[in-house]
C-alpha cells in the first residue's frame, strides 16, 4: 500500500512539475500556453544534447535547460504572446501553432536535415538519457522499496515549488506579479512595468517547464511529440486547483497523482487516466473556479 | 389612487453577515418615475439586482402587479415585464445598431419559435431609432459608437423590449452635460408610458426628471417624498447631504 | 447591405457548382481523397457554428465526429465479409473471434460480456440513426449541465477537451467491443437499396458533395434566422441577452447540439469514404486541427471555415507527394496558423469580404461610398 501511495506521490510531483510553470503563466498573465509541453520537450532535449556533446550529466542539465527554455519563452512572449493579451482563446491557438513549429524544428533538425546534415541527438527518432548511478536502484524506507529516481523527482519538485512560492510571495518582483494577477490595469497605474514583468514571468514559467523536461528525460523516452499530453495534464491541474493559486495547483496535482496511482494499481493505466479526466471534469462543473479560487471579484 | 406596479415588501439580502439591503419596503405606482438616492454602499444597485433577479434575496418579497416574482430566474423576470439598464453600458458590440434593436424586439423567448426569418417589428425599431437619435447610425456596428451613443442604444434596447417597468442604473454616468440633457429628454419622453426606477447621483439630472424620490441609507429606506420634501428633510440632510442641503 | 448578402449567396452557389464538377476532371484516387476533404469541410462548418457564432470554443469536436463514425462503422463492420468468415451466416466481428475466450459461444449475443451491444447494429439504418442521435444526445446533456451552470469561455474548452480524451481512453480500454487502438477496419460498403457505395466511385463522391452542400446551405440559413441573430447577441453579451428575457442556456445548448449533429454526420460520411473508424478521431490534435482549419478559413464564416478545411487538406496532400516535404509542411502550417491568428483574425473569409467591399465601393457612386466604412465594419457582425 505504501508503495502505491508513493507511486501516486511521484505521479503527482510529475504533474506539479509541469503545472508549476503553467500556474504562473496562466494564473498571472491569463495566457494559455499550448507550447508549454514543447518547453518540457526542449528541456529533455537539452539533457540529451548536453550529455552527448558535453558529456555532462543530468545535474548540469538542470540549470542549462532552465536558461535555454527561459530564453525561448522570452522570445515567444516578445514575438507572439505580447500581441495577444486579453485574447485568451487566440493565445491558446497561436501557441498551438508555435508548439507545432518547435516540434518540427526538432524533428527536422532545424531544417538542416534537408541539406543532408544531421545532428546527433535530434531528428524524429527516440532518444534516451542515462541516469547517474546514485539515482539508480531503490531505497528501502519503512519496509517499502522506493525507486531512487522517483524520490529524486519528488525532492526536486518540492524544491522548485518552494522556490516558486518564495519568488512569488517573498520578493518584490513576485509582489508585482501578484498585483498583476489581481488587476493588471491597476498594477500598471501603480507604476508596475506590466510588459516587463509579464515577459519575465513568461520566461520563468518556461524555464520551470525546461527543468521539468530534464526530470522527464530520466525515465521517459525523449521524442519530438512528447510534450502534447503533458500540457493537457498541466492545464487540468491548474484549472482544477484554481487559476492563480499556487497552493491549489500543489493540492490538485497531489490529488490527481494519488487517484491515478490508486486506480492504476487496481485496474490499469488507461482507466486510471480516464478516471483522472472524469474527476477533473466533475470538479470544473461543480466548482468552475477551482478548488482554491481567489476570493473577491 | 393608481394601481401599484411594483411592490417591494421587507426585501433583504445577507452577504455572509453583511446586510447590503435590509428590510426595504416600497410601492411604485403604475406610470410613476421613482428616483433612488443614496451614498455609495447605500444598497441602490443591490436593490436593483434583487428586483431583476441578478442576486437572490434572503428575505422579503417582490411583486410585479399581483405576481410574486421573488427570486425568479433573470430571463423570466425580464419576460414578466421588468427591463434593466446596467451601470456599465452593455450592448451587443459586434452587431449593428439596428440588429441590436431587432434582437430586443423578439417577443418570443424560445429557440424554436425563433427559427424563422426576419424581424416583424420594423416600425417599432424605426421609432426607437428616432427616439434615441441613432437613425443615421443604424447600420453601424455597435462597437464603434461613442460612450453616450452606447448608453442610448442600451436605453433603446429597453424601449424596444417595451417592459412595464424599467430599471435604470446611473443612465448618465460618464456623460457630458449635453449628453446628460439629451438623456433626460429621452427619459422624460418615457414618463407615463412606463414605470421607471432610476438610480442617479447627478442632482441636475434628478431635478430634470424626478417626481418622487426614495432615499436609501445603509440598506434601509431613510425617507420618501417629492424633490422639495427630500431637500428639506432633516434626516436626509443629516445622514447624506450634510448640513448644506442639495447643491 | 443587400448586395453584400447577394454576393455571399453567389459565392456559395459557385462553391457548390465547383465541387459538383470535380468528378469531370479527377481520377478516382483523387476523387476519394477530395471526398474526405469535403467531409473535413463539414467539420469546419461545425466549428464555425459553435466557435464563430455561439462563442463556444469546443476543443473536443472530435468526440462528436468519433461518435458518428463509430456508430456507422459498427454497422458496416457487421456487413463486411470479414465478419462472415468461419462459415457462419451470422456476422461476428473478426477481432472478437480472435480474442474470444476458448469455448465461448461464437455468436454476437454472447461471444464476450459486452458484445450484445452490437446486436441492433446488424441493421445499417440503426447505425445511421445512432450516428446522428448519439452526438446530439451527448451535446444536449453536456450543454444542459455546462451552460445552465453558466460555465463559459476557456472552461468550456477545457471540459470538452478533457471529455474527448476521457472517451478516447474508454474506447481504447474497451478493447473486446471496440478493438481498442486498432479501431474498426475492413468495413463493408454503405448500401442504399441495392446500390453499394464503393468509396472510389463517382456516386459516392456525389453522396458526400450533396450532403456537404445541403449542410452548408442549411447552416447558413440557420444563422440568418432570428434564433441565429439572438445567438450572436448572446455571444457578444450573455447578460444583456438574459435581461432582455432570452433563455441563454437553451440557445447555447441548441446550437451546440446542432454543431454536434453536423460533426456526427461528418463522422458517419467519413467512415463511408475511408472504410475505417479509429480512436485517433478523438485525439486532441485532431480536434485542435479542426479549429485551425476554421481559423484559417474564417471562424465567423460558415463557408470560409469550410473552404479553409478543404484547402489546407488539399495543399497538404499535394505537397506531401514530394518526399520528405510532409514534415516541413507541418511546420509551415504551424507558422501560417500563428500568422493568421496574429494578423488575419477573421481568416481568408475576412480578407475576401474586405476585397469585395472595396470592389463594390469602387463601382458605385459616392452616396454608397460613404457607407463603405460602415460596410467594412459590419463584417464584424457576420
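Labels A, B and C are assigned to the chains in the order they are written; within every chain, residues are numbered from 1.
Everything below uses one rule, namely that a residue touches a chain if its C-beta (ideal position, glycine included) is under 8 Å from a C-beta of that chain, and two chains touch if they have at least 3 such contacts.
Here the structure is a predicted model, which means the values were calculated and not measured.
Q: Can you give me the shortest step count from subunit A to subunit B, moving only between touching chains?
A: The distance in steps between these two chains is 2.
Q: Computing the C-alpha centre of each chain, which chain sits at the greatest distance from subunit A?
A: Computed centres place B farthest from subunit A.
Q: Measuring centre to centre with CA averages, how many angstrom lie between subunit A and subunit B?
A: Each chain reduced to its C-alpha mean, subunit A and subunit B end up 49 Å apart.
Q: Can you check how far apart subunit A and subunit C are, centre to centre, with Cα atoms defining each centre and the answer in Å?
A: That pair's centroid distance is 32 Å.
Q: Between subunit B and subunit C, what's the gap in Å when you average each chain's C-alpha atoms?
A: A distance of 44 Å separates the two centres.
Q: Show me the residue ranges of subunit A that touch subunit C in the complex, using the header's touch definition.
A: 32, 80, 83-84, 88-90, 92-94, 96-101, 103-105, 107-108, 111, 114, 124, 228-229, 232, 235-236, 239, 268, 270-271, 273-274, 277-278, 280-281, 284-285, 288
Q: Can you check the complex and tell me which residues of subunit C touch subunit B?
A: For this pair, the touching residues of subunit C are 1, 221-222, 224-227, 229-230, 232-233, 235-237, 239-248, 250-251, 254, 371, 374-375, 377-378, 380-381.
Q: Hey, which residues of subunit C end up touching subunit A in the complex?
A: Within the complex, subunit C touches subunit A at residues 57, 145-146, 149, 151, 153-155, 157-159, 161-163, 165-166, 169-170, 172-173, 284-285, 288, 291-292, 295, 324, 327-328, 330-331, 333-338, 341-342, 345.
Q: Can you check the complex and tell me which residues of subunit B touch subunit C?
A: That would be residues 52, 74-76, 78-79, 83-84, 86, 90-96, 99-100, 102-104, 106, 109-112, 114-119, 139-141, 143-144, 154, 157, 161 of subunit B.
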